[in-house]
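Supplied in structure tokens, the structure appears directly below.
Chain lettering (A, B, C and D) follows the sequence in which the chains are written, and residue indices restart at 1 in each chain.
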Amino acid sequence: MNSVRCFGVAKEIVGDQRLKMEIEGLSISEFKTLIQQKFPEFATIKGYMVAVNQVYALDSQVLSNNDEVAIIPPVSGG
Amino acid sequence: MNSVRCFGVAKEIVGDQRLKMEIEGLSISEFKTLIQQKFPEFATIKGYMVAVNQVYALDSQVLSNNDEVAIIPPVSGG
Amino acid sequence: MNIEVLLSKEKLSIDRCYSSVVDEACGGICLFVGTVRNQNKGKLVTYLDFESYEPMALKEMKKIAEKGIHKMGANHISIYHRTGYVGISDIAVIIAVSSIHRKIAFEVCQYCIDQLKETVPIWKKEFLEDGSYWVGARP
Amino acid sequence: MNIEVLLSKEKLSIDRCYSSVVDEACGGICLFVGTVRNQNKGKLVTYLDFESYEPMALKEMKKIAEKGIHKMGANHISIYHRTGYVGISDIAVIIAVSSIHRKIAFEVCQYCIDQLKETVPIWKKEFLEDGSYWVGARP
């Protein structure tokens, strides 16, 4: 089980800053599909990136349960 | 008689920060020719502007003795 | 070639940020200071709340500064960002860039703030008189 | 639309210059700080001496700021310049520009410093280890 970190609007959609889920072997694309099935509200935001071990991940990257995974909605610093 | 203000390298060439001279009726071009006759070293600098009443003057402008006249060598602020 | 990146719940100091990039060999320092505006898209803003994914945000800020120095030719760069509650007119971000000549300082400072707004995982929640929302999250 | 221009024999304050352009409606402030470098064209500089034609310099600084606001769209502009003796790393000039959006603040700040170096009657005498000269005066 992984504890996916959720920030900003993602934290509000998920209802928590951590989301427990099984991610082992999923590609980022598959992970995103799963997230959108669990929380259809993600379809209403402008999109989001996934960071793995604090680096933006490509869609093809494959996850393991040891990874630090985070949902990164559109950033708005500055 | 006017008391022409001299700054920077012009002050050094003239040897004083004020230069007493008759300017009534001279154009800026004529004024510059006169200055260069009195102080040939002006030919060795990069050029200079003349300000009349604290505004840059055109070559055709005609001076009167009441004007505040200044020799403005290349500026180097900042 | 110094880089300083900072996320802080306390007020940001322009003097500290400036001092961190001063160098006897550098003649030009460009600073950008981003403050909280009292309105956005015609609505009155009362305050902001900044959330960050801190370790990743610091890494992304460092990447920006590294590019500004190694690819774009700046000498020193500091990037400070506030987190948590920030009131109107308070400073949300300060970027200071020094370089030998000023043109590069301007270019790199602008690059840093443009890039920060694109890639650094920091989120701004805007509190209006009648509610709040995450800026830029929804179409 | 505030303009502040200053020539000062005393040390210039970034905080004062910054504060003079802060505005609740403005989100972006760009500052340029010009400091004295310890070398120029390969020679070691020990200090500078700035002379100004004060009333005209203030007028020219004001003209630059007016163009930055009325033609280029900035909200507030302050231009401070030091006069007299200035040591290495000391601040010779500070320009602060605020605007609603940051792009204009950057553009106008760069315009102000570029223009100041072209038109404002201020002269810099550079003191080296082995002499002194008026910068830019001779070919």
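Assorted remarks:
Here is the rule we use: a residue touches a chain if its C-beta (ideal position, glycine included) is under 8 Å from a C-beta of that chain, and two chains touch if they have at least 3 such contacts.
None of these values were measured; they are calculated from a predicted model.
The set of chains touching chain B and also touching chain C is given as D. Distances between chain centres, each the mean of the C-alpha atoms, put B farthest from chain C. The geometric centre of chain B is 25 Å away from that of chain D, both derived from CA atoms. If you average the CA atoms of chain A and of chain D, the two centres end up 48 Å from each other.
One inter-chain figure worth recording: chain A and chain B are separated by 71 Å, centre to centre, where each centre is the mean of the chain's CA atoms.
With touch defined as above, residues shared between interfaces to two or more other chains in chain D number as follows: 34, 113.
Among all residues of chain B, none touch two or more other chains. Taken pair by pair, the chains that touch are A-C, B-D, C-D. Those residues of chain B whose C-beta lies close enough to touch chain D in the complex are 5, 7-9, 11-12, 44-46, 51, 54-56, 70, 72-78.
Of all the residues in chain D, the ones that touch chain C in their complex are 14-15, 18, 22-39, 88-89, 100, 102, 105-106, 109-110, 113.
The residues of chain D lying in touch with chain B in their complex are 34, 50-53, 55-57, 59, 81, 92-93, 113, 116-125, 134-139.
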